[in-house]
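What follows is chain A paired twice: with chain B in the first complex and chain C in the second.
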Partner chain A sequence: MRAWINRQSLLVDYTLSALARHGGRNLGLFVVYSAVVFVLASTMLFTHAIRREAKALLTHSPEVLLQKLKAGRHAYLTRGELDGLGRLRGVNRVEGRRWGYFYDAVVGANYTLMAPEAGHPDRGRVDVGDGVARARGLAAGDTLSLRSAAGGLHVFTVGRVFSAESSLVAADLVLMHPSDWEAFFQLPDDVFTDAALSVVNPLEVRNVARKIGERLPESRVILREEVLRTYDSLFDWREGLLLAMASMAAAAFAILAWNKASGLSADERREIGILKAIGWDTRDVLTMKLWEGALISGGAFAVGFLSAWVHVFHLEAALIAPVLKGWSVLYPRFVLTPSVDAVSILTLGLLTVLPYTLATLVPAWRAAITDPDQVMRGTV
Partner chain B sequence: MPGFPAGSVAPIAPVHRFRPVAALGLALGTLALGALLVTADLLKPRLPREEAEHLTRALGLTDLALVTEARYLRHVSLADLHSAFQDHPVAVEHFPAGAVIAPPAHLRHAPSFPSSTASHARLD
Partner chain C sequence: MSALVELSGVTKVFHEGRHNALAALRGIDLTIEEGRITVLQGPSGSGKTTLLTVIACLARPTAGRVRVGGEVVSNLPEAFLADVRRRKFGVVFQQFHLVAGLSAWTNVMLPAYPTGRSHADIARRASGLLDRLGLARLAEERVEGLSGGEQQRVAIARALINDPPVVVADEPTANLDSALSADFLGILAGLRDEGRTVIMSSHDPRVFEAPVVDRVVRLLDGKVAA
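Coming up: the complex of A and B.
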């Protein structure tokens, strides 16, 4: 075992010296190789982390959501309709949600104005998300004035600013009293934007959705599993887009690397010939080449992956975030919890390390099985 | 030669040959440190999101506030297919963020099994 380790150590020693002889060229290859791994790994790490975050948060969203439509457009639900839904078998609880959008011309952003049934602020007061607070420079106790669609100015006192930690779901929220909400949007009493239903038996969710569909044919039923699937597919799509763009760079690099790895230069052929002539056997030459491929590709993968990790989880993915997160005026600021999808990283590792390593072997093997004299003379 | 007796040879400093394998050891050490950082990060508990979870549960929130430009992008999971084109029938979707949100499933895949909401094609 010791002899084996010693042999490998000497082979690595020789390989590194050989690589150092063409230092600039190999370093260039290494840097580009690491950069390609960096982009691919950053995308994978970021997408996995944000998908996990979305899933963790949105598992708390309503099991079933119902929106009423009229002539294909959204319409308000009345309290009577909500009561009717509550009487459906299998439905545990029905809660009307009052919410709407408000475009604030001052900062050029849309807010989500919401008036919960329970736990709402007092009249004349609002609780705001940290995105709104940042855009308008608000703190608790400040006043927020909004011009309603009817032109009237509504002045509210900020009761509470939600912490940055909740930014991912609440950046643009403005919570208010239901009466304030109705007055602001000039809506009649007791109308609801949509209804959140909870179902007694989770296995019955689809049945309940079907029953609602029969009772209110012109309505949309949105299930929690569909919400979760939407986000899965949304980030899949974005990851795919970025990877598709990166794939062009990766393909260009693959051609370069393949060219470098699979074609031996005259120098390298002569080197193999000399090694054979001084007593190396084919196995030694192949092991040396294997080390060369593994050191470059494995090293580049490790460096690329680690820089991607630092980039995504310690530098807030500054380079790729605009594409993967989306953008907006009230952009939520959030830090992602580090997590890794072992399968995709392993796949990336295998796809980057294996082909390069194998590509270095074949030409070396061809040179190594040829007569050293012929190889050195360059007659093959 | 001052300092050495006549006829003696100046001592030769021992040669420390640079061994690339030692440099490799150094590189591996650095990578091991990196691996430690990754492990330490992974062992950290999930960042606190109690307030976000509470708000999601209490208000029945359905979407991440990632894009707030248009209502069909702010609440992607509640958006119907036509919302992007509702200004007039052939209105082109014009918000930049729309470019990175996936087109509806039926345009990407073969029709899947019918669900209770299949009549309202959605962005999932």
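Coming up: the complex of A and C.
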């Protein structure tokens, strides 16, 4: 064992000196390699963390949402209809929700104006998401003026600004009193945009939803798991888009790496011939080349992955966030909780480290099996 | 003197089976005694270098048998042949074939890297050899900056790092002036005096007529001349 360690240690020593002798070329390859891993790993880490974040935040969202439809379009629910929903078998509790969209021409952004039944601000006050606060430069105690579609100016005092932790779902949110909401959108009392339902047995949520759909054909039933799936699809699609672009860079790199790895220079072939002539065998040469491939690809993977980690979890993924978060004016701003998916890392590692390492072995093997006497003849 | 290397009916054909097939060795029968300096002498194309490569296990013969220290090596697989090469032979090439970009010290250590010996052990021996050959002050110099004579001494030190019983040198004085050639022969005499066997090829009269040489084997057209 001691001899094996000594041998490996000296082969690594020689490999490092060989890499240093072709420093410029190897450094260039290392930088490009690291950059490709950085982009792929950043995308992977970001989407994985944001999906996890969304899942955690939506855990406390309603199990079932119900929207009324009229002529195939979203219509308002009345309090009487909400009471009727509460009497359905399997439904535990019903809560009417009031929300609407507002385009703020001042900053060119869309807000979601919401008035919950409970826990809403007092009349004349609003609580705002951190995206709204950033767009309007607001802090608690400031005044927020909004001009409604009818042309009236509505002035609110900001009660509080939601923390960045909730930004994924609350960046564009403006919470207000139900009376203010009705006045702003000029809607009658006691109308609701949709209803949040909780069921008696959460395991039966699909069956309950199906029964509600059968009883109320002019309605749309949305399950929490469907919302989660939508988030997943959304980020899958955006991740795919970015990965598709990154894959072009990866392909260009693969060509560069293959060209470098497969085309041993005359100097390198001669060097392998010398090593064989002075007592190295084919196995020693291949081990040395394996170390070379592993040091370059493993090092580049480590550098690229760690850079991606810092980029995503400490620098708010500044380079890729605009693509992955969406194209809204109010980008959610939040610090993601570090989260690693071992399978993804392994896949990324296999797709980046293994091909390069193997690519270095094939030409080395071809050079290493040549007879060492060619060195003596000067034909290598 | 006992026989160290024995060749019987050794033939080496390059490009065998092709239209450009070339028989470099034609049925060589030869015994080389240990502890002596033997020179393979002959004109260009006589098969000196080819015979050296077969003796030093750098190439296998096309036919015939080679024994080194009583062990038949001519039919050994590559991995075993490399092991014999590493244990038994130190080779000094005509063009020295040092690895450019590395120091003299590292070049000397290279043949010992796959042996499993510790770095400290190898480094100690390399330093001792460089010191013995008068190169201690140049140990850290890159080999491409050394003179021809210095490079050859580095190559000799490299050939001795694994303490082989046989030193093989191909046309060792081809790139040296008279003074350096004399120095080189002095070094070889020293190796013989410590019990090593030296086998070299040369068509240089300064070598095969030198008093330190114990035996000259004349080759002509791939055969041992009478």
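Assorted remarks:
Assume the second predicted complex is superposed on the first by the 370 of 380 C-alpha atoms of A that agree within 3 Å, B and C clash if a C-alpha of one lies under 4 Å from a C-alpha of the other, contacts with A are read in each partner's own complex, and residues count from 1 in each chain.
As a working rule, a residue touches a chain if its C-beta (ideal position, glycine included) is under 8 Å from a C-beta of that chain, and two chains touch if they have at least 3 such contacts.
Not measured: the values here are computed from a predicted model.
On the shared subunit chain A, the superposed partners chain B and chain C are arranged side by side without overlap. In the superposition on chain A, A:A3 contacts chain C only, with no contact to chain B.
Using the contact criterion defined above for the overlaid structures, shared-chain residue A:R220 touches chain B, although it does not reach chain C.
In the superposed model, A:G279 lies in contact with chain C only, and not with chain B. By the touch criterion defined above, A:T337 reaches chain B but does not reach chain C. Contact with neither chain B nor chain C is seen for A:L77 once the two complexes are overlaid on the shared chain.
By the touch criterion defined above, A:A367 reaches neither chain B nor chain C.
In the overlay built on the shared chain, the residue A:L113 is in contact with neither chain B nor chain C.
Once the two structures are overlaid, the count of chain A residues touched is higher for B than for its counterpart among chain B and chain C.
By the touch criterion stated above, A:D13 is placed in contact with chain B and with chain C alike. Superposition on the common chain A brings chain B within a closest Cα-Cα distance of 6 Å of chain C. For the contact definition in use here, the residues of chain A common to its chain B contact set and its chain C contact set are 9, 13, 17.
By the touch rule above, chain A contacts chain B in their complex via residues 9, 12-13, 16-17, 20, 53-54, 56-58, 60-62, 65, 67, 72-73, 95, 97, 101, 109-112, 114, 116, 118-119, 129, 131, 162-163, 165-173, 175, 194, 196, 206, 209-210, 213, 220-223, 226-227, 229-231, 233-234, 236-238, 241, 295, 299, 302-303, 306, 309-310, 313, 323, 325-332, 335-340. Residues 2-4, 6-7, 9-11, 13-14, 17, 21, 267, 271, 274-284, 369, 371-373, 375-378 of chain A are the ones that touch chain C when the two sit in their complex. Interface of chain B with chain A (complex): residues 19-21, 23-24, 27, 31, 34-35, 37-38, 41-42, 44, 46-53, 55-71, 73-74, 76-78, 80, 82, 86, 96-97, 100-102, 105, 115-117, 119-120, 122-124.
Per the touch definition, chain C reaches chain A in the complex via residues 49-50, 52-53, 58-59, 78-79, 82-83, 85-86, 91, 93-95, 97-102, 106, 110-119, 122, 158-159, 162, 170.
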